[in-house]
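As written, the chain order gives the labels A, B, C and D, with residue 1 at the start of each chain.
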Amino acid sequence: MRTRSFKSVLKKHKAVFLDSYGVIKNHDGLIPGVQEAIDHIRLLGMPLRVLTNDASRSPDMLAEKFADAGLYGILAKEIITSGTMARKYLENKGVKGKIAYLGTENSAQYIRDAKFEPLHISEVSEQNIDKITALIFLDDEGFDWNKDLNKAVNLLRRRKIPAIVANSDALYPVSANNVNVATGGIAALVENVLGRGFIHYGKPDSQMFMYGYERLKKVGRYRRRDILMVGDTLHTDILGGNKFGISTALVLTGNTSPEQADTLIKATGVIPDYVCRSIAD
Amino acid sequence: MRTRSFKSVLKKHKAVFLDSYGVIKNHDGLIPGVQEAIDHIRLLGMPLRVLTNDASRSPDMLAEKFADAGLYGILAKEIITSGTMARKYLENKGVKGKIAYLGTENSAQYIRDAKFEPLHISEVSEQNIDKITALIFLDDEGFDWNKDLNKAVNLLRRRKIPAIVANSDALYPVSANNVNVATGGIAALVENVLGRGFIHYGKPDSQMFMYGYERLKKVGRYRRRDILMVGDTLHTDILGGNKFGISTALVLTGNTSPEQADTLIKATGVIPDYVCRSIAD
Amino acid sequence: MRTRSFKSVLKKHKAVFLDSYGVIKNHDGLIPGVQEAIDHIRLLGMPLRVLTNDASRSPDMLAEKFADAGLYGILAKEIITSGTMARKYLENKGVKGKIAYLGTENSAQYIRDAKFEPLHISEVSEQNIDKITALIFLDDEGFDWNKDLNKAVNLLRRRKIPAIVANSDALYPVSANNVNVATGGIAALVENVLGRGFIHYGKPDSQMFMYGYERLKKVGRYRRRDILMVGDTLHTDILGGNKFGISTALVLTGNTSPEQADTLIKATGVIPDYVCRSIAD
Amino acid sequence: MRTRSFKSVLKKHKAVFLDSYGVIKNHDGLIPGVQEAIDHIRLLGMPLRVLTNDASRSPDMLAEKFADAGLYGILAKEIITSGTMARKYLENKGVKGKIAYLGTENSAQYIRDAKFEPLHISEVSEQNIDKITALIFLDDEGFDWNKDLNKAVNLLRRRKIPAIVANSDALYPVSANNVNVATGGIAALVENVLGRGFIHYGKPDSQMFMYGYERLKKVGRYRRRDILMVGDTLHTDILGGNKFGISTALVLTGNTSPEQADTLIKATGVIPDYVCRSIAD
């Protein structure tokens, strides 16, 4: 496994997309040296966007969390979440009525931002079921899996409405050894028992890369290959970046450990353009 | 859709396997006329076995439930459950130690019957995790999906132990319109996020049919085609029966409605030898 | 199933995306009345793009085929194929070296247009295998499935290179009753035996819709909901259009028959904004 | 990875099931020392059965091939193939009429042995299509994949008949570095494009183990745990043996290399009771 220094890879590009979890921070807090890395990118004058599969909090709340953790200088408007993509779906389709959701009160902000009325899955009833126009999976927290997943299954059997998965990740780490089932893993249970697929947002889907690219083009002229996607996960960050046609760098500070990297790249056929130990390297 | 009277189909066979849910009873209670149908089978002197994908209760408890519902004459030893198959796995493999399980106290009886020590998933801890030798999915009730599914995922990431699914059904009906996610649907979530398949018992798997057949051969000589499997579900009862080489009859009192039957048979390619409106027909 | 006249649906929009097969033509030739429908769109002054999952021929050749069939007025530069998307992948990633492909000589044009050197799968040998930098599935014709699929499997086991599927469709109709396995069905065999997923282009993937949208924005200002995607297939045209946030109309002249439409919409949860009998309606 | 000598593992059991490919022989010929290993089993007086996922040749032909390769003393009636299971399906169901098949002339012997009339897939025509009562996938050779897979797809779309896969393996090795797509991989293409599952025989399915066990019980009294299944493949030999409740030993002379064994066992959760370098060890 040949690795390169992140600084040398940066030099070949004109803009950066960073994944958040596993690149900027992990279950332990900030990745060591990340502040210096961000400062270095700023120094080079390169535009930066954070692309994260997260619909549990709005970009504003995520920017605040970075600051709370001690990382300064990432603006809310530089953060693009998979929740934003789901919000844009609602806006574009002009769906009317109530939007049922699985998630926390915080995650429902995406629905309110799109000017729709959120309805927590636990509040779906005979009285309002006919007014629901979509179901969204926003977070793995904030609802009772036993009761509310059964409710979601029956809602989708009764009503011909779209179901949207605002974060397709299956798992997320909660400590050095333990993981939790993420929104995408829960949605897959419902898809599986119903035998149908939902509308998924988040990396590796092209839509999030495209949105980032469109926002980048408002501040300058960039070809796709001028952009570097930096991520810790082959099947989201790297696959999505490769497919969208931008450069990709795998870092080894998250889901992909230095020991596994080579085997995983070979097994999955998802090949990053570069491998770096860390963005602080 | 050409249907035949169940009595005329019975005449061509010498033994009967009945599915329980959708054939003998449903969410409303007993299927009308089922007592007469069972009595008729007895009158013909045909041996009968109930083959059910159920690991939530022992055969003894299920026999009692039939009687409580007002159906008489089905003996506990005529009932073969997918839980029995899981129990036999434990006995045959001679697995030692504690068996972690997801399910109710009632379902844990299968573990105790195999002379093993059940450990409810919620009680798995750093102190006992190294003594666990298998994980079994027994029922969809009796545990907290949010907490305990995450526990099951992490247990299987930490320990190299077999995972057994004692009921592979994805859904079960709870009222005329509503369903619940069944044990198999929950297990599939864990299989999916871990990217591995577990050991599954229950129809359509051959093992349950074989076990029923072996028990039948203790009371008489039967060729496979002498046996009639009666079920309401194409991909469990009928597929399993077809594959095992016994006769199959689909009844329209459960999962497969008279309106859908023809379309579903064509779409799935799972073709019953006979279609009957009901076992009371 | 309530249908609307295509003309009345058109009026609510400012631009049109048309699928080709099942909308403009089918195995029998042109859909009756399609010339009038295209002329009507021109009369309204609405920009039109054809979005087709096809990598067997270049847009130039497809435009010629429309004219040969007797349909006039669709320009090559109005045709966007999934092959174009694959070509752009090669251009964007700046992949060097030989590109191995499965398909006809015609389909290899996409590789030459990207300024790469195509190598037919049958010509892969010990001498050139180390110079191959990607494998592309372009067409279901032009190679020997027995020999060349085995060759593709072994190439991907030996070399850590990306594999690209330029048309993800599983089947295509060849007569009123018969279908052929399409490129996506063949690629899935290889993905399945290798246990890895490839990079897929074509509807329902967002990338093709985005590319169409970007080209549209060069000729005028359009919001997504101003655009109408017209297609005959729920899981490509309609799902992709819905996800991208544009309007969708299902026509019943191709994969989805008038008899099945309602059932399929309910079963898949893919809900078009409108259903029209035909674009000539 | 702790390995044990095969002889010491044998001592704990009373009967042996051996996989063929990867255990007895491989692409290079006989595994070194296999004759001595078979002779040793004979000396101990242990009954032996060969359980192989192979429907390309009858047990008689396979016994002859062992002898041709220089291995003596394995009788045709000790060989149980997945083709035998498919043959028994036909016999048990008493299917009448012509049986269409994909495979070589040799493989069609299973159909003739069941007293049915084989019809090579290439000979299916408008004249005989209505007389076909089942389709069987027997071998990956003996037919034209381009033409005949399309024919199989259209046959199954037209006729409501069962489809049987007599060997579910996805790949088989043809040299030290190369593999070929096997019958199961080809059948999966057809299942995938049609969206339905077929009836599969062969390990890990219980039916083959059961058949071997039943034949064993005719020559003596054996509990399941008295039997040792020896195989080189985790997801067929070992998974199937574990599920059926017999002892399992993984050998490292075939699909599972000494380097990968530990990682694969952990990744798949399929845990053999023993690991041996070779049956000659």
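FYI, contacts are C-beta pairs under 8 Å (C-beta built on N, C-alpha and C of every residue); 3 or more make two chains touch, one makes a residue touch a chain.
Just so it is clear, the structure is predicted and the values come from calculations on it, not from any experiment.
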| item | value |
| --- | --- |
| Intersection of contact partners for chain B and chain C | A, D |
| Gap in Å, rounded to a whole number, between the CA centres of chain C and chain A | 28 |
| Centroid spacing, where centroids are CA-atom means, of chain A and chain B in whole angstrom | 40 |
| Rounded Å distance, chain A centre to chain D centre (Cα mean) | 44 |
| Chain B, residues touching no fewer than two other chains | none |
| In contact (per the touch rule at the top): chain pairs | A-B, A-C, B-D, C-D |
| Chain C partner contacts - residues on chain D that touch it in the complex | 144-146, 149-150, 153-154, 157-158, 170-171, 177-181, 185-186, 188-189, 192-193 |
| Contacting residues of chain C [partner chain A, same complex] | 88-89, 91-94, 156, 160-163, 194-196, 198-199, 205-207, 210, 223-225, 239, 242-246, 265-269, 271 |
